[in-house]
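Lettered A, B, C, D and E in written order, each chain numbered from 1.
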Amino acid sequence: MTGWLGPEEWQAVALSLKVSLWAVALSLPFGIFIAYALARWEFRGKQVLNGLVHLPLILPPVVTGYLLLLTFGRRGALGGWLDETFGLVLAFRWTGAALAAAIMAFPLMVRAIRLAIEAVDPKLEEAAATLGAARLQVFATVTLPLILPGVIAGAVLAFAKAMGEFGATITFVSNIPGQTQTLPSAIYTFLQVPGAETAALRLVVVSVAVAMGALVASELLARRAIRRAAGA
Amino acid sequence: MTGWLGPEEWQAVALSLKVSLWAVALSLPFGIFIAYALARWEFRGKQVLNGLVHLPLILPPVVTGYLLLLTFGRRGALGGWLDETFGLVLAFRWTGAALAAAIMAFPLMVRAIRLAIEAVDPKLEEAAATLGAARLQVFATVTLPLILPGVIAGAVLAFAKAMGEFGATITFVSNIPGQTQTLPSAIYTFLQVPGAETAALRLVVVSVAVAMGALVASELLARRAIRRAAGA
Amino acid sequence: MSLSVDIAHPLAGFDLRVAFEAPGGITALFGQSGTGKTTVVNAVSGLLRPRSGRIVVEGETLFDAERRLHLPTHKRRLGYVFQEARLFPHLSVRQNLTYGLRFAPADAPGPSLDEVCDLLGIAPLLDRRPGGLSGGEKQRVAIGRALLSRPRMLLLDEPLAALDTARKQEILPYLETLRDQTDIPMLYVSHSVAEVARLATTVVVLEQGRVARTGPAERVLSDPAMVRQLGLREAGAVVPATVARHHDDGLTELSVSGGRLFLPAMDTAPGSPTRVRILAHDVIVARDAPTGLSALNILPATVLALRGGEGPGVIVQMQCGDDRLLARITRRSATALELAPGQQVYAVVKSVSVARTDVGAG
Amino acid sequence: MSLSVDIAHPLAGFDLRVAFEAPGGITALFGQSGTGKTTVVNAVSGLLRPRSGRIVVEGETLFDAERRLHLPTHKRRLGYVFQEARLFPHLSVRQNLTYGLRFAPADAPGPSLDEVCDLLGIAPLLDRRPGGLSGGEKQRVAIGRALLSRPRMLLLDEPLAALDTARKQEILPYLETLRDQTDIPMLYVSHSVAEVARLATTVVVLEQGRVARTGPAERVLSDPAMVRQLGLREAGAVVPATVARHHDDGLTELSVSGGRLFLPAMDTAPGSPTRVRILAHDVIVARDAPTGLSALNILPATVLALRGGEGPGVIVQMQCGDDRLLARITRRSATALELAPGQQVYAVVKSVSVARTDVGAG
Amino acid sequence: PARAADLTVFAAASLKTALDEVADRYSDRTGTRLRLSYAGSSALARQIQQGAPADLFFSANPGWMDVLEADGLLAPASRRDLLSNRLALIAGPGARTDLPRIAPGADLRGALGDGRLSMALVNAVPAGIYGKAALQSLGLWDQVADRLAQSDNVRAALRLVALGETPLGVVYATDAAAEPKVRVIGLFPPDSHPPIRYPVAIIAGADRPQARDFLAFLSGPQAGALFAAHGFTLTATETGPEAGE
């Protein structure tokens, strides 16, 4: 297999996996929290939050990437602060690629989880409360297990999106091999070369294989979770 | 307001709306059908279908656009046939832009609807059957109303995605003012030119405003549907 | 035979194997929790496809495993009142009630919305959604929905369990009327012997997925061997009777083979046949014809047998005309009265103890 | 006062305004479908926050609208058996049962899993998921879940409605034991007068969101004015008694103020106080002391009043020692016996008719 | 974090084929590892504005280089217009054979038939901007202005022609040379459009010997030969800041 893809291409595959996994893993708790807030709470600015979450979906990825660059770039408002305070550099690092992927995938994740939360019968949560479970405990022992299929769906959607994310990433963190050249960026680069379509195709196949693997795994997981939640 | 945006920009706004609305409207029935099949039926090739639906999410948009071009272009496998048989030309037409938007948005739509279907209690559908409703009637009178929040969520996600879609569209149908120059294409154009950021910003604002409007409207609709489905 | 069920459906840890035949009217499924009552009803409804067997209703085969025939649920035209109400949450009460109407043949007979609302007292709820209804209100709407769907068959799974006595007293006569005036077969699951005795033409007693006993209601319910299933308080005899006449003081006189019985006014025409349930618990045995007692119904009888259990009680089986009566008395009394088979005695039955719920026509 | 509720909660089309006080033990909420029983229980549980009022349990204020106090549900330590089972579908039966344990204080007393499984007959279900359980099985698991959560208060909303007689007979004594041996207050919603009579210390009768009648169980249930709510068959008197002795033939002798009563063996020690319910329907009135009757319980009494309704029946209220008994007889018999206030009569009560379900200690 | 010896070069994506070879050659010779980040010139320029860790910027768009220069983001006296290119009119597999020569009055519209002329975005992407200027100066613009299919980059424009989706296209000569599925009908006269320049410069703050060395290599004969092999014209003249325009 090593012969099939060049080392730089393997690097891109590994980087994409790393970026996507981190993007999903780190954004999942926020995704669940925000989905819960949007599904269950009434608060001022709810529609604004909802809009913000969806923004990356609406904006052309280039714009999102540009805004990220302005915000989290080394000279950006938050970028400098993060660097000084936490020593966290996002610009032109894989961390930035993960941020871009997470943000682009966030609306998909939140929507899926939110739909799942809205489908949970509050009567079950009430029953848990009568048995002594405080709010967070109710969430951990009743709500979360019941929305697991939705969480899995959200995570895998986000993962797939992260694996495919290109526009915002290349605009934000550029296309530096080994640092920020993800699979889609590598594919893009090949597509810039006349006649390199087959090289691009190889990467596309890898990308599709990885994402499909994740998809099938998630289906099996979710099916089990659904069967459990159906109580049969 | 006409003074704020030039006529060509207004054209792009109108075109984006047209493309996105058609994309959503035409793909919605398919989205519901496929979501239902994925949620409720067991059949061979289910995982393949599921993978195909998710493909546009995984692939970089350029690749999707390229594949569309290969398939539905004038020289494409299906493109020629569609032209000869139905006189339907997709290449370089707004119809093609709608197709690209629909395909890019399809995974989001299907996921949302599928999650909603999985949350419907089959016992209610059984009850409808005992009252004489055949399968399709059960679907129309029980399942569909109950999944309405999910359908709305799916449609609005797809609409937002369609409003922001750029990579696949420009690759597939290029950028023809009045035909295929959607808002994101116009924004992209401005972003390529030094100093045109404010011009781009104006279009971004329009795009965000439209999508947010749709979002808020959908929230209100969905909330009403949820309240109805909760039966209170 | 109007309803013929012969099915087997093995599940992990539960093996259903049920066969019974019933001649129309109301067939009661009776048995402890978890014995397979709902499973049988589901099989008849088509929601469950049994592993093997046959189900025939009014001559129409709904299911035949050998012929691979399984009529889909929606073609069976059922009114199924589920154990849980299963109302459509997105529809108003009115829409729930009329849901089945649109699928029913236009000429199918059945009650109107108003009639059903009156019967069930749900007219004030019509424009509400099911979410906010109380438990009993939900169940009443579910009953209404089933009745209004113009069904060819009614499946009732503990329909009255959530209802108060007063409401039950209003619905039971309606079900009796349905039973008597239409030929809609009904499968009725209930834990209440009083309901079963009042309504059922046929009783099927299930025990752990098998039929333990089946037959005409009066036979099954009068069977001393059924005491365990029915509970001590509910053992008794069901005796055929004829309405003799209505008295001015609000009593109706019935003639039974062993004599006459008085009970509170029935609105059945003189000459009509009816059934009377006499609980073993409500019968006092007297050696001599008693006088100066408030009990009006005193029937001469002959002791047939005494069956004692482990407890302090004895069941006295008596022949009374052509019928058999049961009395549950203490062993001490039996000894004191020197009861023995063949002995002449009097069965004292309080007229009001032949209660309204325990009388059914037919 | 151990349980004090005084709340108002207006809803569109339904206005709840309920105030009652109860001295611990079991407080029964009784009333027709849709009168607000579940709403009251929800308010006590904290799931519903009433518009105004106060709820105090065992001296602890759970809710006080004026002081803006509303103890959250999970801090109230309730065992709530809902009208619908509300089992957690993603957990096994065992996990459902033990769910509340982890949140209970470690030293809180309560039954073990095994005890509860035995009581409810759900041991074979432990490793199943709730989805496939029958209606009654679900309800039993729900009862077990509430019992196992080591509650400080039990809320039972028609817990036994879906159960068969045999199963009820097993659970009722357990609830009695709980009532007698712990000071866990219980709020018990039921449509069954027999259950209420057996269990309740206090009865609260609701009618359309208002308290129609409240008081100690024996008083409310013996009240001739309650006949309408209870249903004719269930009217009767609850009489305090003392266990006198146990006889060899399986009968237990009780002494009541008016004489002695025999009933099937109770496992209560001689000398213990108890309560006996004597249904009006089970009492025959005799002018002269009857002989040669299988009924063992014959108490001398004095007629206090005759109350006739529209029907053919009359309720005879009698003084019998310090207690009052009711008998329901026909008007015809009353005339025939020339019954009038002040007259000496005998109340004939079949010993076995003082049935097990209608006896409660305490 | 790059090793001190490594260089990061931000380069316009259209340079990839040629620049990859040059970079390989350079790495082989010096052992310096080069990281080449290819993207659109605008994106790269913006990133450099935001402090991207680039040592050199090789742009396909002089305008963006000007912006960086004006912002003082270029190392003094490092900018040079290294390469030049020509515009070609190309035809794809579906095109007619009787195609006109590029000259004022040529019947482009007739040659298009009912097809379109594939170009990069004529207001945004350099190849498109140059192409529009060329067509205008030849008086052919009005024939085709409403018959364009504009792509977001010149390779995409080339692809449309190669797939036969459009009969004709205007792309760089270098792209046309690299794609066997297209025919070059002719090159536009160099004076029909502003000179096509590929400026390269060292980024301010990255003005290390290695960067200078690579810049020199780029300007040298070996690199020149490779670039020329891919169809670029070499503009041997070094331009100073004042010649930047």
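Assume a contact is a pair of C-beta atoms (placed from the backbone, for glycine too) under 8 Å apart; a residue touches a chain by one contact, two chains touch by 3 or more.
Model, not experiment: these values are computed from the prediction.
**Student:** Give the fewest steps needed to get from subunit A to subunit C, where each step moves from one chain to a chain it touches.
**Tutor:** The fewest touching-chain steps linking subunit A to subunit C number 2.
**Student:** Measuring between Cα centroids, what's the chain most distant from subunit C?
**Tutor:** The chain farthest from subunit C, judged by C-alpha centres, is E.
**Student:** Comparing centres built from CA atoms, which chain ends up most distant from subunit D?
**Tutor:** Computed centres place E farthest from subunit D.
**Student:** How many angstrom between the C-alpha centroids of subunit D and subunit B?
**Tutor:** Taking the mean C-alpha position of each chain, the two centres sit 60 Å apart.
**Student:** Using mean CA coordinates as chain centres, what's the subunit C-subunit D distance in Å?
**Tutor:** So the centroids are 26 Å from each other.
**Student:** Centroid from C-alpha atoms only, then distance subunit B to subunit C, rounded to Å. What do you get?
**Tutor:** Measuring from centre to centre gives 57 Å for this pair.
**Student:** Starting from the mean Cα coordinates of subunit D and subunit E, work out the distance between those two points in Å.
**Tutor:** 91
**Student:** Enumerate the residues of subunit D that touch no fewer than two other chains.
**Tutor:** Counting only residues that touch two or more other chains, subunit D contributes 84, 132.
**Student:** So which bits of subunit B are touching at least two other chains?
**Tutor:** Correct list: 62, 66, 188, 191.
**Student:** Two or more other chains in contact with one residue: find those residues in subunit E.
**Tutor:** Not one residue of subunit E touches more than one other chain, so the list is empty.
**Student:** So, with touch as defined above, which chain pairs make the list?
**Tutor:** Every touching chain pair, ordered by label, is A-B, A-D, A-E, B-C, B-E, C-D.
**Student:** Would you pull the subunit B residues touching subunit A in the complex into a rising list?
**Tutor:** 47, 50-51, 54-55, 57-63, 66, 107-108, 111-112, 114-116, 118-119, 149-150, 153, 157, 160-161, 163-164, 166-167, 183-184, 187-188, 191, 200, 204, 207-208, 211-212, 215-216, 219, 226
**Student:** Under the definition above, what is the set of subunit C residues touching subunit D in their complex?
**Tutor:** Within the complex, subunit C contacts subunit D at residues 11, 13, 31-34, 37-38, 83-84, 124, 128, 132-137, 140, 157-158, 161-167, 169, 191, 193, 229-234, 247, 249-251, 262, 264-265, 281-282, 284-288, 290-296, 311-313, 316, 327-334, 337, 348, 350-353, 355-357.
**Student:** Which residues, counting only subunit D, touch subunit A once they are in their complex?
**Tutor:** 45-47, 72-74, 76-80, 82, 84, 86-91, 99-100, 103-104, 129-132, 145-146, 149, 155
**Student:** For the complex, give me every residue of subunit B touching subunit C.
**Tutor:** Against subunit C, subunit B makes touches at 123-124, 126-135, 137-138, 141-142, 145-146, 228-232.
**Student:** Residue numbers of subunit E touching subunit A in their complex, please.
**Tutor:** Spelled out, the residues of subunit E in touch with subunit A are 8, 10, 13-14, 16-17, 35-39, 43-44, 46-47, 49-53, 153, 155, 158, 162, 175, 178-180.
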